[in-house]
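Below is one structure; the comments refer to it alone.
By written order: A, B, C and D. Residues from 1 in each chain.
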Amino acid sequence: MIAEYTRQEMMAIATGREIRDGELAIFGVGLSMLAGFFAQAHHAPRVRAMTEGGIYGATPLGGLPWGIECNRISSNATSFTSALDALGCLVASGRCDVGIIGAAQVDRFGNVNTTGIWVGGIGDAYRPPNTRLTGAGGANDIACGAKRFLIMVGHEPKRFVEKVSYISSPGYLDGDDARQRHGFVGGGPSAIITTLGILRPHPETKEFHLDGWFGFSSPDQIRHATAWDLKVLPGARPVPEPSKAELAALRKVDVTGALRKG
Amino acid sequence: MIAEYTRQEMMAIATGREIRDGELAIFGVGLSMLAGFFAQAHHAPRVRAMTEGGIYGATPLGGLPWGIECNRISSNATSFTSALDALGCLVASGRCDVGIIGAAQVDRFGNVNTTGIWVGGIGDAYRPPNTRLTGAGGANDIACGAKRFLIMVGHEPKRFVEKVSYISSPGYLDGDDARQRHGFVGGGPSAIITTLGILRPHPETKEFHLDGWFGFSSPDQIRHATAWDLKVLPGARPVPEPSKAELAALRKVDVTGALRKG
Amino acid sequence: MSYSKLISLAEAVRRHTRDGQQYASGAALPVGSDAVVFGRELLRQGRRDLHAIFHCSTQQLNLLAAAGAVARVECGFSGLEVFGFANGLRRAVEEGRTVLEDYSNLSMALRLLGGAMNWPFVPATVNIGSDLQYRSAFAPDEHPARHKIPAVADPFSGREIGALSPLRPALAGIHVSLADPLGNAIMLGTEWSRFELSRAAQKVILVADAIVDTACMRQFPNLVRIPDVVVEAVVWWPFGAWPQASPGLYDADEEHMKSMNQALATEEGTAAYLKRFVEGYSDVPSYLDLIGRDRVRQLAQTSTAFLIDPFRRWLQTPAEITALSASCSPAGEVYR
Amino acid sequence: MSYSKLISLAEAVRRHTRDGQQYASGAALPVGSDAVVFGRELLRQGRRDLHAIFHCSTQQLNLLAAAGAVARVECGFSGLEVFGFANGLRRAVEEGRTVLEDYSNLSMALRLLGGAMNWPFVPATVNIGSDLQYRSAFAPDEHPARHKIPAVADPFSGREIGALSPLRPALAGIHVSLADPLGNAIMLGTEWSRFELSRAAQKVILVADAIVDTACMRQFPNLVRIPDVVVEAVVWWPFGAWPQASPGLYDADEEHMKSMNQALATEEGTAAYLKRFVEGYSDVPSYLDLIGRDRVRQLAQTSTAFLIDPFRRWLQTPAEITALSASCSPAGEVYR
């Protein structure tokens, strides 16, 4: 008898499973923070969590923070420093083990667009986007510097595109060893965790392949929700459903039930 | 009737007179700090003093500090930051109005050596100095960045040399507009205040000329104590002796009478 | 001897701002410490055509852009975190009224550091290889952009990295938790990039939620990350970051965060918002009335309130602050 | 869940140091906060051939160099301020036993910043045009030196400035006023470059004058400039900076500053000093006996003592500290 859970909860748990005990991890707000603190509550008690504002040693109190300077994350911190410290000294330096970022669009090489949507592409001369999004924020810095990073994104064809119209945060650029040209100290995206399954990069080409699907989805469904010709990794398999302990840990973190609405 | 005073006191007062009210000023320990706080006590009540450790708003308590992190300067500060802040954000940036530095040797263009004495010169290959001195410390940063700086030094021929054997802190290098080659934001040394008088740079050549002598010294005596052919600025004249108010202000700062021993 | 730098918000904006100015604020995260009330006053005095430098978007930038006062903006993040897109800024950018140049959050901090240090450029190992480097809204015809983040070769290894342009904004309005009348300031919560901004800006005006006696600063000098020597003026304005949060003092006003952002999504909504929440107060008391005294009390019941406890004994009352401000003339009178 | 990182000084040196290592300390000014007792323990355990990175010379570097344990050193200031030249270091340099590479105080801080940021180089608008750039003790035959502070052209203006090499020392021993068992630290007084060093070093060991409960850090998170995430181990050692000062806790021991520096001026004096003040104690109590209990009490009567007042209620007693240390195994046991 499997407990009931939402797609958002499955995505958060699958993301949390990627985080290992003792790691130095940077979380953004929202889903990313829930996934991270779920990992801490469940299997990674010694995870060293921080935010890009340089908030250390804190766990959210009284619900999901509205932002990384929300008082809900500032009420039990052991250290407050700065963006330069967190994103510079600890992330861009290559010291941070893992970061979690979101995406409006992601492409086959794991490049992320959070800057804007240009109908018909930008063109040669830059023009304002038809839909302005949030910009790169700290995600570009995580994508360049963290040893690895995870991308969390809802699985829809308009989001999983052949080529993003603007690279806000670099994945593997045009694949293979393209990251090396820029000397990035970070290793690149290790997984894209979606509302339907998990994609991982091919070890050589760095193209993202299907590696796992959830109990409520299927490889076919995922391929249909992906605008590029999604290949499947050898060994791809169903992702284990959330255990009772996992769900209990996640729901303890998700005080306000934000993920149960999804 | 002129009050009695020592050569060290005259030098400190002459240096303090160079500091104007409201200026942002960086002081080192010892003579430099006494001269600076004398100015604050006497004619520059709004001088904004700091040390290279980023100690702001402090005045020495209980005597001359042993160093710029001595508790005597840490007991009434309004802000403690760091070397990067004080020497970088405020001095190297060009923001600081005036700094005071010392010298083991100074040459005709106001270049300062505090690194070492090499008998017969260093030669082409670097070798350890015969006498190792204290190194550049923050003086190089002041010499490059402060809008102007003052050099305080005992007037002896071995200290006033044609060319220093090692430039620890740049004055006008080889004169004229040599500083501009390096794009220094700071203006260079505006005066050398010695135990015998005051030297100032020629406006064009930047060679230091005699501009003033003390009550107890004379142009001849100063020329004899200078190893280069010291020229005299038009308008050079005796430096006014310390007033009673100046001496009283200085001695209030020089609690332990460090300057009266000199 | 020390001089009070306390002046009114209206006077600070009158004296130190002008149309077309490079104005930096928002040096805190989208829901946190930002001098939002400084932006309201800019609009009250009709400033426009601003070149805004915001490390992150905040409700201040959202409002200024919605009101049409921002010609150009450089920032690292243009949303409002969990509150979604910044609708006013978004609308201004999509309509081409505001030109937004994109960087990352680290890059903005580095550019402020470079300004503080007065470096000609800052080394960048981030933003390179992405469209943050290749696309420039300020130089739209360059593709790839050549002057936004040009390449520079490391002289030690030959490796090519990026060079960021330093920022030296003409004016910064910086929100702090506590300031003394001299301009010494304590920030509670992440500094974000307020330390770097306070050194990079050519002129700094503090907007403090509370004023404390200088004795507080002498007790906690390591907390005084903005010393008076870099500060031009101090403005006292409680709830100056509202509807955003100020750790130790008040929580974010979630209801107003949402309703404000919703209003700024349209021109009509913006007009109504301006009428009510920009023009609708004349001083601190009527501003607090506008928020609602009950709301004010409730927001101050923050779980972070204990952070302010060590400083309570030095807090100045409104009457004391008024007395200190009155003693401040342009020539700078002695206050103690 | 949290884990105690408290270990003994002897164990810290045994586990984390080795001959020939790049060891950074002295990240405070010559008369202030420095982990001097860490240097004593390095000598007790016979470490040698060290590559020392000292922002400024201190009595620690003076002692290590006098004892012949330093092969190379990079620093910005090699004196002892009003106490004069550092005789031990001076002697080692003049005799060619220690090779000293000169920088300025800002350059050392910048090089640590560059290491913390993992930049390939750091822009330098100082040190250029002087012999700090043209002369290299590490590359004596190059004149002018080409690799110490090479030129780099600003890609925006073409202006040529200098490029400093970043520092990433293998180990840093950092003196702090207060630490908790997790490795969160508060520094009182100037940070000098301890913030940058704590991020630049590959491994950080804190030497704390006093241990406080983590509740202290949660009350003053803005004072915790070194968070536990960058710290490997915490050593409790009161008067660990002696004979130098620790603001809030003790003054410089002027008599010992002088007699120590005098002793280090000769080989015989150094041998006598090592016998008495390096080998002459076995633990914290016998170390304090060696200083002299009266002297200890007198040095603690500092005019800065009020700086520690806000933290007194969280100070741990020696017995509490011992209990916390005992709970620390290499596998990291939970302490609370």
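Operating definition for what follows: contacts are C-beta pairs under 8 Å (C-beta built on N, C-alpha and C of every residue); 3 or more make two chains touch, one makes a residue touch a chain.
Given the structure is predicted, the values throughout are model-derived calculations rather than measurements.
Between the interfaces B-C and B-D, more contacting C-beta pairs are found at B-D.
Between subunit B and subunit C, the centres computed from C-alpha atoms are 39 Å apart.
Separating the centre of subunit A from that of subunit C, both taken as means of CA atoms, is a distance of 29 Å. Averaging Cα coordinates per chain places subunit A and subunit B 56 Å apart. Within subunit D, the positions touching two or more other chains are listed as 117-118, 125, 159, 161, 188-189, 191, 221-222, 225, 307. Residue positions of subunit B touching 2 or more other chains: 80-81, 88, 92, 185.
Chain contacts here follow an irregular pattern that is not a line, a ring, a star or a complete set. Contact annotation for chain pairs lists A-C, A-D, B-C, B-D, C-D, with touch applied as defined. Those residues of subunit D lying in contact with subunit B across their complex are 28-33, 55-57, 75-83, 85, 89-90, 93-96, 99-100, 102-110, 113, 125-132, 135-137, 139-141, 143, 159-161, 188-196, 245, 247, 251-252, 254, 257, 302-304, 307. Residue ranges on subunit C touching subunit B, taken from their complex, read 1, 3, 116-118, 180, 182, 184, 199, 214, 217-218, 221-222, 224-230, 332. Within the complex, the subunit A residues that touch subunit C are 29-30, 51-55, 61-62, 64-72, 74-75, 80-84, 87-88, 91-92, 111, 115, 122, 124-141, 143-145, 166-170, 173, 179, 181-185. Put simply, subunit C touches subunit D in their complex at residues 117-123, 125, 147, 150-157, 159, 161, 163, 165, 186-189, 191, 219-223, 225, 306-307, 309-310.
Put simply, subunit B touches subunit C in their complex at residues 24, 45-46, 48, 50, 56-57, 76-81, 85, 88-90, 92-95, 185.
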